[in-house]
Amino acid sequence: MSRKTATKPVTTAAVPAAPGTVVIEVKDIGKRYGNIIALSDVSTSVRAGEVTCVLGDNGAGKSTFIKILAGAHEHTDGELLIDGEPTTLSSPRAALELGIATVYQDLAVVPLMPVWRNFFLGSEITKGAGPFRKLDVDEMKRISKSELAAMGIDLRDVDQPIGTLSGGERQCVAIARAVYFGARVLILDEPTAALGVKQSGVVLRYIAKARDRGLGVVFITHNPHHAYPVGDRFMLLRRGKSMGDFPKSEMTLDELTSMMAGGAELESLAHELESTLGADSPLAQEMKAEVQ
Amino acid sequence: MATATAVDERIARTSTLTKLMKRPEIGALAAAIVIFAFFAVTTDTFARSQGAATWLSGASTIGIMAVAVALLMIGGEFDLSAGAITGTTGLVVGILTTEYGLNVWAAIFVSLAIALLIGMVNGILVMRTGLPSFIVTLGTFFVLQGVNLAGTKALIGQVAIQGLSNVPFYDQAKAIFGDAIDINGSAAGGQLRISVFWWIGVTALATWVLLRTRVGNWIFAVGGAQTSARQVGVPVFKTKVGLFMTTAGAGWLVGMLLVFRTSTVQAGTGVGQEFIYIICAVVGGCLMTGGYGSAIGAAFGALIYSMVNSGIVYSGWENDWLFTFLGVMLLVAVLLNEWVRKRAELAR
Amino acid sequence: SGTGKDDDATKDNAKDLKYAVITHSGPGDAFWDRVKSGAEKAGDDYGVAIKYSADPDPAQQSQLIDSAVADKYDGIVVSMANPDGLEEAIKKAVAAGVPVVTINSGVDRFKEFGAITHIGQTETIAGEAVGERLKADGAKNAICVIQEAGNVGLEERCKAVAETFGGKISNLQVDGTDDSAVQATITSKLQTDKSIDTVLTLGGQYAIDAVGSIEESGSSAKVATFDLSEDVIKNIQDGKIEFAVDQQPYVQGFLGVTTLYLKDINGNDVGGGQPVNSGPAFITKENADAVLKFAANGTR
Amino acid sequence: MATATAVDERIARTSTLTKLMKRPEIGALAAAIVIFAFFAVTTDTFARSQGAATWLSGASTIGIMAVAVALLMIGGEFDLSAGAITGTTGLVVGILTTEYGLNVWAAIFVSLAIALLIGMVNGILVMRTGLPSFIVTLGTFFVLQGVNLAGTKALIGQVAIQGLSNVPFYDQAKAIFGDAIDINGSAAGGQLRISVFWWIGVTALATWVLLRTRVGNWIFAVGGAQTSARQVGVPVFKTKVGLFMTTAGAGWLVGMLLVFRTSTVQAGTGVGQEFIYIICAVVGGCLMTGGYGSAIGAAFGALIYSMVNSGIVYSGWENDWLFTFLGVMLLVAVLLNEWVRKRAELAR
Amino acid sequence: MSRKTATKPVTTAAVPAAPGTVVIEVKDIGKRYGNIIALSDVSTSVRAGEVTCVLGDNGAGKSTFIKILAGAHEHTDGELLIDGEPTTLSSPRAALELGIATVYQDLAVVPLMPVWRNFFLGSEITKGAGPFRKLDVDEMKRISKSELAAMGIDLRDVDQPIGTLSGGERQCVAIARAVYFGARVLILDEPTAALGVKQSGVVLRYIAKARDRGLGVVFITHNPHHAYPVGDRFMLLRRGKSMGDFPKSEMTLDELTSMMAGGAELESLAHELESTLGADSPLAQEMKAEVQ
């Protein structure tokens, strides 16, 4: 995987911080859409060389939270500090310039544009100088093809409009792009949702690698089996509020699973599944295990 | 892990030709050829050098605007003030030179500055207010239409510029914007307007920008999915304001081409033309919803429009039915266009 | 057929002659429709082919002239609302040996451009005549209704009226494609300024709208108009319209073609270098009956 | 499992008022009120019964079309032939009665049938070819414009209908389409046109259909996301063709209102009006991209447009600047509109 | 959960067939988009009272396959038989009328419309008669709210535009709608992708229930833990081709998992993950187990 610095024109802060440094800190942050309070009083931090997992039920406010970090939405309450400086990210471009790359849940692709143009959108590789500076099309096609192949996606043609790709293929493009351009912080909103087993494995490996390279990673998932192996810290959201921030050392996979599923409420479901599917069903067992 | 396999069993077949067929302008090209052939066969003059010179000249000014409007439409916006700007810039030059004795070149630069300013105002209004550009530029259009009329009347007491050809250095500017080149050695053999070269130049430049520069990438992106574009770091504001300024700049160029061709401008010049530009862009394969289209296509669209207009005249059909013919031809052209494009899609 | 450069009787076979009539009319304009009818009637009578085309934009009109030259027409009848705009095209046509006759407006420049003659009546002549007449009728405060913003001819007419009228006259722009809007606008104007005593419209159609407005607003203003139609004459007979100026558009078309025809078959220069006036004629209650029949035919 | 909790801590506050504020037409209403107040204060006649009757009458015909066009725009399509249809239907009635002596009512029904047919052709062409409706209906527009002119000339030898008021049963039809009601006992006190009641009726009906019927649901769906609508079983084809026929039907109604108000139609009637309808719909809160808007909003849009037009006349401002005033007013209205809507969004 | 027949106006064939009856059969079916062959030579059948799982890598053609069954795309090759009759479904409405309801991967919602209107779109409940027939708004709001609550989604307001819901909430609306209207066949394309543990459990329970009510179910997922417990037959797609149709009796969960992940190719990944994440990482272990 060759990376030229020329390929990352928007990224000025290209060097990851020392492991453990707090890159992003949020204090009592909140977000309202009109009268809808999607998030309130959330405090946590993203550290270099660590994977922070954000967990929570559907509609808990996870995506809202990361959209604030990514500069896609401005927060309405609380404080956001980047490198210790209070900041309001006015646009995703501002975040990208600080080295924060994001995979959005809705992927942020332009359906009618070819795959390779989407891959490099906003960070195009050019050659030539002055008024004759033009896109280095071949290089961009080559890189996007090979980065996707590395994720196990063998595209027929990177000139295909991205809107005609399958859901998983599209998600892989978004992930490969963020991984390729993420310099200091990598934010991934349910990156493995539409992915097959193989591709999910690759994404988890990418996350681990990015962490090892000293990047701060924010990882959202509904799958405790994906969160636990790579996560260093777990933040749980429920109905827009933070339920706390737990280091990995303080929890087991089972605790995590049960916490994600909402504990007690699951019990009845597990029982019901057991009777529907039979007691030996792995799912029923899993559920039972989760509710202890 | 393998990167690219030479032959992929999941692809039926490909060729360079079919690759070409995927371009958005292919349908417009086919329609243009058919219409050319039709009039070339059914009329005497259409395909002769004098005839061709006439419809090329007609296509050139519309075409320049259509190309600029196509860029804007690919970027997801409309500019209804585009027609009125051609009038405004022409009037500014005419009034400043004939009434106030300003040097022609100075007047030309003043009008360019005014045009760019109008474009910038359009762009900033659209981006800052979040209002649809259709309605914002409609407002600007009305304002300009009124200013063109009332301002001209107030300053020179009539609604058309007269006597421009007598101002000093007029010939210099005419050589650049208004000249014509004899095709067959004499004016009677047909004269190719210099505007045709401007048109070709603008089309080539726009195509290059769209397909080979970062800005082109951004134009497609802001038109295709503005939120996504913003999320991946495309400077949406700058791109869109730039597009509005480009359209206004093209309006200025066309204003100059018109004023130095006929040496007159009327207060009503350009009013109503804005929709013709949009029509040409759409005939040329641009989507009304943005994110798709081509500059060459818009140029073909203008060519089709102008050829149909001239062809009807050469055919000697009853003038009352002009619009009916125009409508039928337009429908035929876009249907053909669509048919070719669909075939190309399937065969690609 | 030849280029018509040779005046001597090379083309006695009139069937081969074809003339282009190129005006600055917008689509569907009633006045120009009568010009067209006149030209076509002359063509029929003489057995020559007439092709009518029009565009209000001088650049487009020039292009139509260029096309006619390219298409080897034997003569061109052209209206010159904006002489500067047509200068190049007309001079080119003349240089190519195509005889040109100007009609309607452009009386000051036809000679300079090399046209045989000018037939018609400038907007100024008609406008001034109307102004004088209104003045004589004792009008003090008039509005001049312009149905197409920025139209050179219409603006000139109102300006000429103002010149001789003496009283207060203001222009009122209306949306000519929507009669009910025209009516509403005139009504509004009459309601605001009760001292308006004359509504001058620039097309027969709009006089009818103005009559409606006067009824609606309860104003006592009088209506005068340019151009005729059957309904206008009926309203004149009923006393709802004071008078109409007949610019005799039919004459302009007919004589334009006739001039070219005489030039072709007999080498005549009609007018002998001087313009020929085609009007205006005033239609009032007294002479309305006589023209009703023609107006119903769409020729006056 | 709990269904609904009485108080949800994730909602800041709600009230019936703020609910109301969410409607798309709220901004247009606010703009209409401000513009009314402005002219009521600055001019004498505007708010008097005669004045109000005038601008209401002006708003009514535009408003009926704007409402129909708004439905179509919510359904994701445009109809540029909408203006020309008002001319076509009026001309058909005029020609059939004055030239061929057909009974007025028969002529009215023939013209309705023709209008619906045109609408159907528009709809079927758009749906079958997949071409943008902007371009298809532009073709129909040109065809109709030509037919209106050339057909009328060919049949009656002139370009405007004359003598309609003398045909038998004219008064019957006039009573329904063209009548006016004295407000203060006499014509001088202002006359309320019957078209105003038609306008109110059409707006009410359209609102009911949009918000309270299945078809209304489908209209929003086909405009908002056609593929999704199709996937959940919405009859997209029928809905869209129906919308085009509705617009054409409204065009017929307006054609009748016009022809029986002025007892004349000219071949150029309605040409250029199509954009005014779209403008009114957009001012009233419709999105150009479809899927959002309201019928009442479009009615307010027409009201704003008509009030501004009349108000400028009442104000006695220099008439040459008419369009400039119109443009500025339009911008002010939509800016206000947007501002109110955004506030409403935040406060809801 | 009250269901009136009046609420399902498009569904004429409301009675599920006897368990085991073949409802839909496909023979050598194929689909081309232009020169792209997305699917070829796939044969299988959907039976009443059975859950057919369609498994496969990203871009394998799963969504394409179910879009043919749902009437969203016409097939270009082969034969589609419904109730033994060769058919070409010209529109999703035709499929719905045959009692086939679908949850699309891209959800098929209209973002600007309120949740309840989306829920009932195309199958609105009306009251009154003749020209005065109007929408029964209250009833529709009530049903959509309660159906969503039953899935564990507690919406603030069913009048919210669906475009402002979180990804998972939106997916739940689509699922609840299909379950509510599906009369004979229920097709679900990755329904659990964006869902939390709890909601996933509910969806699996719904599938099991639908099967028990005699519906034929087609279920697409990337999660073998979701597929195995509820599936009766497993069809594996790879690069647009069918790898065969296996009854549950012939497979174990592990076999299924390894098959889904592409067997041998996974081995290297498992090794790599082991070294990155440590040998005791559950993910690495899972992967190792999968490759045997």
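Quick notes on this structure:
Going in written order, the chains are labelled A, B, C, D and E, and every chain counts its residues from 1.
By definition in this document, a contact is a pair of C-beta atoms (placed from the backbone, for glycine too) under 8 Å apart; a residue touches a chain by one contact, two chains touch by 3 or more.
A quick map from chain label to UniProt name: A, E = Sugar ABC transporter ATP-binding protein; B, D = Xylose transport system permease protein XylH.
Just so it is clear, the model here is predicted, and its values are computed rather than measured.
Seen from the Cα centre of chain D, the chain whose own Cα centre is farthest off is A.
Counting contacting C-beta pairs between every two chains, the top pair is A-E.
The mean-CA centres of chain A and chain D are about 48 angstrom from one another, to the nearest whole unit. Chain geometry summary: the mean Cα position of chain A and that of chain C are 73 Å apart. Centroids of chain C and chain D (each the mean of its C-alpha atoms) stand 35 Å apart.
For chain E, residues that reach two or more other chains under the stated contact definition are 36, 152, 156.
Chain contacts: chain C has residues 27, 149 touching two or more partner chains. In chain D, the residues that reach two or more other chains under the touch definition are 10-11, 145, 149, 153, 272, 320, 322-323.
On the side of chain D, the complex with chain B involves touching residues 125, 129-132, 134-136, 138-147, 149-150, 153-154, 272, 275, 278-279, 282-283, 287-289, 318, 320-328, 330-331, 334-335, 338, 342.
Chain C makes touch with chain B in their complex at residues 27, 36, 51-54, 56-60, 62-64, 66-67, 69-72, 82-88, 92, 95-96, 148-152, 155-156, 159.
Those residues of chain E that touch chain D in the shared complex are 10, 70, 72, 91-93, 96-97, 102, 104, 107-113, 117, 120-124, 126, 133-135, 137, 145-146, 149-150, 152, 154, 156-157, 177. Residues of chain B that touch chain A in their complex: 1-5, 8, 10-11, 208, 212-214, 216-218, 220-221, 224-225, 227-235, 291-292.
Per the touch definition, chain D reaches chain C in the complex via residues 43-45, 50-51, 54-55, 57-58, 61, 83, 145, 148-149, 153, 156-160, 162-163, 180, 186-188, 191, 257-258, 261-273, 306, 309-310, 313-314, 316, 319-320, 322-323.
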